[in-house]
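Quick heads-up: structures coming right below.
Presented sequentially are two complexes of subunit A, the first with subunit B as partner and the second with subunit C.
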Partner chain A sequence: MNDGTSSPGTRVLGALTLIGMAVLLAFALVISPADETQEETVRMFYVHVPTALVAFGAFFLTVAASVGYLLRRSEGWDVMAGASAEVGAVLLAATLVSGMLWGRVTWGVYWTWDARLTLTALLFVLVLGYLAVRRLPLERERRSRLAAVVGLLLGPATVACHYATTWWRTLHQGPTITTADAKMDGTMLFTFFLGMVVFGLLYVWLLVHRFRVLWLEHRVEDLGLDEAIAERRREAVGVS
Partner chain B sequence: MDVTPRPAPPEVPARRGSGGRGPLMALALVALLAAVGFLLVKQVGSASLYFYNADEAVAKRSQLGDRRFRIQGTYEGTATDVAADTIRFAIVFGGEKVVIEHTGSEPALFQPGTAVVCEGRWSPDGRVFESDRIEVKHSEEYKAENPDRVDPAAP
Partner chain C sequence: MLRDAALVAGKDLRLEARSRVALNQVAPFALLVLMLFAFALDPDRGILARVTPGLYWVAVLFSGLLAVQRAFAVESTDGVADALRLSGLDPAGVFLGKVAAVAVQLLALEVLLGLGVVVLYGADPSSVALLVPTCLAATLGLAAAGSVYGILAAGLRVRETLLPLLLLPVLAPVLIAATSAFESALGGFPGEGWRWLGLLVVFAALYTGLGLATFGVLLEDG
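Take a look at the complex of A and B:
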C-alpha cells in the first residue's frame, strides 16, 4: 500500500522537473546574456512568460474537462477540471508576482490598470471563485455541475487575457514569440523554450498529484456517507 | 449511553437532479454570467484607451481640456531641469512633438529613444503636458548585450 500519491511515473516526472529547474536556473541566471536595454531584468522573462502560458494551458484543460463532465457526468472529468485549475492558479500567481517585480524595474510601477493587467487580475479572481465553488457544501453531483458551468467561463477569460495586448492599447508589451519570427536572440530564445518545457513538466507533475488527492478526497466523502448510513441502520435495528 | 429513541428525521424529498428546474437554473446562471462578462469586456474595452498617442492628444487638445489622461510617444533629445523636482523633455509620435514637464521621479529605464507613457494633463495654456508619472513602455524585442563590449570596470 502506497502512503502518498506518488507512483514510479510521478517520481520520474518529479526528478526530471527538479533537474530541469536546476538547468533552467543556470541558463536563466548565468548562461543567457543580459538584454541590450533591459539588462539583467530580462531574466524575469524566463519565469514570467512560461508560467503565464502554462497557466493558460491549464485553464483550457479545465474548460475541456468541464465540457467532458457536462457531457459524460463522470467523476474523472470533474476531478481533472479542479486539479488543473488549482495548479493553474498557482502558476498564474507566479506570473503576477514576477510581472509586478519586472514592471517595477522596467516600467517604473508595480501595477497599472491597462487591459492586459486588468484581465489577468480578473482571470485570477475568476479561478479563485471557481475553486471556491468547488468547495461549496452541496451534494457532490450538484456541486460538480455548478463548478463545470463556472469552469467554462475560464475559456473566454483566458482568450481575452492572452490577446489583450493585441486587441487593446496597453502598457504591457506585445507578444515576443509569434509564429513568424521571434524577436529574441538565440540563447535567450532557447532559455525561454527550456522554461516552457520545465514549467510544463512541473504542471503535469503537480496535476497528477492533485488529481489523486482530489480523487481520494471524494473517496473520504463517500466513506463518510456510507458510515452515516450504516450508523442509521444500526440505530434502526437497536430501536426495533 | 443515550438510548432514547431519536425522532424520525423529516422526510427529505428526493432530489433527482432537482427536478425540472435544474437546467433552467443553469441556463439562467449562464445568461447572468455571460451578461457580467459582456459588461466587463465592454468596460475593459472603454478603459482600453490606456493612452493617447502624442498626435491624437494634440488633435484633441481642446476636447481634453484639463482632463487627466495618459500620453504616449518616443522620448527625444535630452531632458533639462526647470525646477528642483521638475524636468522638461519632448516626446514624438505620428509627426507631432509634445513638450512634457514632469514633476517627480523617473523610472530607471527612462532614456532617450524609449517609448514612454506620461500621466497628467495639458497645462492651462495648452503648450506643455504636465506629468506626474512616467511609465517606460519597453518593446517586446530582446537582444543580447554586445558580447564584444569591453567592460569598463574590468582591470
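Take a look at the complex of A and C:
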C-alpha cells in the first residue's frame, strides 16, 4: 500500500494535466489572437466555458451515479456521485468567478440577474445543499440514499442552466461554438478545444483522487465501528 | 393509490383542524411578515405597490416552509414513521396525500395573504383569470417539492437548518415565475404572465413526478 491516493495511472494523468495547463495558458494568453469585438477579454473564454461545460458534465455523472446507487445500492456509485459533485462544485465556482470578472470588464458589473447567471447561482447553491446532505451525521446507507435522491434533483437544474440562453432572452451570450454561422478563428477554436480537453483531464484526475479519498473515509468509518463493537464485546466478556 | 392519498390527506387535515397550528401560528406569522416588509420598506405606497408581487411570494415561501416543516414533524415523532411504513399504504399515495394536505393549507394561506396585500399594500386583484391559475400551479409546485425535501429532512436532528438550505434554492424558480406572473397580472398586462404560468406548471409536474418516483426510497428511512 502506498501513502497517498495516487497510482501510476493518476501520476501520468496529473502530469498530462499540468503540462496541458501550461500549454493552454500559452495558447490562451499569448498565441491566440484578440477578438474583434471583445478584444483581450475574450481570453477569459478559454477558462470560463470549459470549466462550465465540464462542471455540467460532472453533475450529470452525479445524477447518473445517483440513479446507479438507487438501482444497485452499491457503495461505488455513491462515492462516485459524491466525488463528481465535489469536483463539479469547484469547477462551477471557477466558472462563476471567471464569469464575474469577465462581466465586470464587458458589462461593467460583476453580477446581473439574467436567466443564465441566476440559474448558475442556483445550481451552485443546490450542489452545496447536496454536499451538505453528504456530510450528515447518519448511518452511511441512509445518508447515501438521501444523497442519491437529492443528487437526482440536480439533473433538471443542470439542464435548465445549460439551455438558459436558448430558452430565455439573456444578456449572457448564447451558444457560440455550435451555431452554424459562427466564424471563429482557427487558433481560437483550437484553444477552446484544448481548454475542454485540459479541464476534462483535470476533472478526471481530481475525480479519481476524490473517489479514493472518500472510499478510504468510508473504510475509516468502518474501522471505527468495528473497534466500537470489539470494545463492547470485551466489556461483555469482562462482566461474565 | 388515490384512496391511500385521500386517507393521508384526510388524516393531515383532521390533525390540522384539531391542533390548529397552521391557523394559530403559521397564518399570523405570514401576516407578520407582510407587516415587517411594510416597516422595512417605509409604508410609502409607491415602493410597496411596485414590489408587492415579490413580497407576496416571499411571504408565501417562508410561511410555506413552516407548513412543510410542520407537516413532516408530525410524521417523525413517536415512531409514526415506522407505523406509516408498516401500514402498507402505497408510497406514491402517501406522497400525493401529503402534497394535497400541504397544498390545501398553502392555498388557505395564500388567500389570507392575498387579502393582506389588497388591504395593506393596495394591490388590485382584478386579473383573476391569471392570478388564480398562477396560485394553483405555484402551490402544487411548492407542495410537491416541499414534500420531497420535507420527508427527506424529517427525523434528522439538523432538519430546521437543512430544510431551508435544500428547499429554498429549489423553490427559487417558483418564486421567480410566480412573481413575474403576478407582476404582469397586477400591472394590468396579463398577456406576459401566461409564459410564466407555463413554467410553473412544468415545475409542478416535474416535482410531482420526481416525488412519485422517489418517495418509496425516502420512506425507507426511520
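By definition in this document, the second predicted complex is superposed on the first by the 235 of 240 C-alpha atoms of A that agree within 3 Å, B and C clash if a C-alpha of one lies under 4 Å from a C-alpha of the other, contacts with A are read in each partner's own complex, and residues count from 1 in each chain.
The rule we apply is simple: contacts are C-beta pairs under 8 Å (C-beta built on N, C-alpha and C of every residue); 3 or more make two chains touch, one makes a residue touch a chain.
All of these numbers come straight from a predicted model, not from anything done at the bench.
Look at A:V149: by the touch rule set out above, it reaches both subunit B and subunit C. A count of residues in subunit A touched by subunit B and by subunit C gives the higher number to B.
Look at A:L122: by the touch rule set out above, it reaches both subunit B and subunit C.
Of the two partner chains placed by superposition, only subunit B is touched by A:T37; subunit C is not. Judged by the touch definition given at the top, the superposed model places A:D185 against subunit B, while subunit C stays out of reach.
By the document's definition of touching, of the two partners only subunit B reaches A:T106; subunit C does not.
In the overlay built on the shared chain, the residue A:E235 is in contact with subunit B alone; subunit C does not reach it. Applying the stated contact rule after C-alpha superposition, one finds that A:A132 touches subunit C and leaves subunit B untouched. Residue overlap on subunit A between the subunit B contacts of one complex and the subunit C contacts of the other covers 118, 122, 142, 145-146, 149-150, 152-153, 156-157, 160.
Of all residues in subunit C, those touching subunit A in their complex are 148, 152, 156-158, 162, 165-166, 169-170, 172-173, 176, 206, 210, 214, 217-218, 220-221. By the touch criterion given at the top, residues 33-39, 42, 45, 105-109, 112-115, 118-119, 122, 139, 141-142, 145-146, 149-150, 152-153, 156-157, 160, 164, 167-171, 173-176, 183-185, 187-188, 235, 238-239 of subunit A touch subunit B in their complex.
Residue ranges of subunit B in contact with subunit A, taken from their complex: 3, 5-6, 15, 17-18, 22, 26, 29-30, 33, 37, 40-41, 44-45, 47-51, 106-110, 114, 117, 133-147. Residues of subunit A touching subunit C in their complex: 70, 118, 122, 125-126, 128-129, 132-133, 136-138, 142, 145-146, 148-150, 152-153, 156-157, 160.
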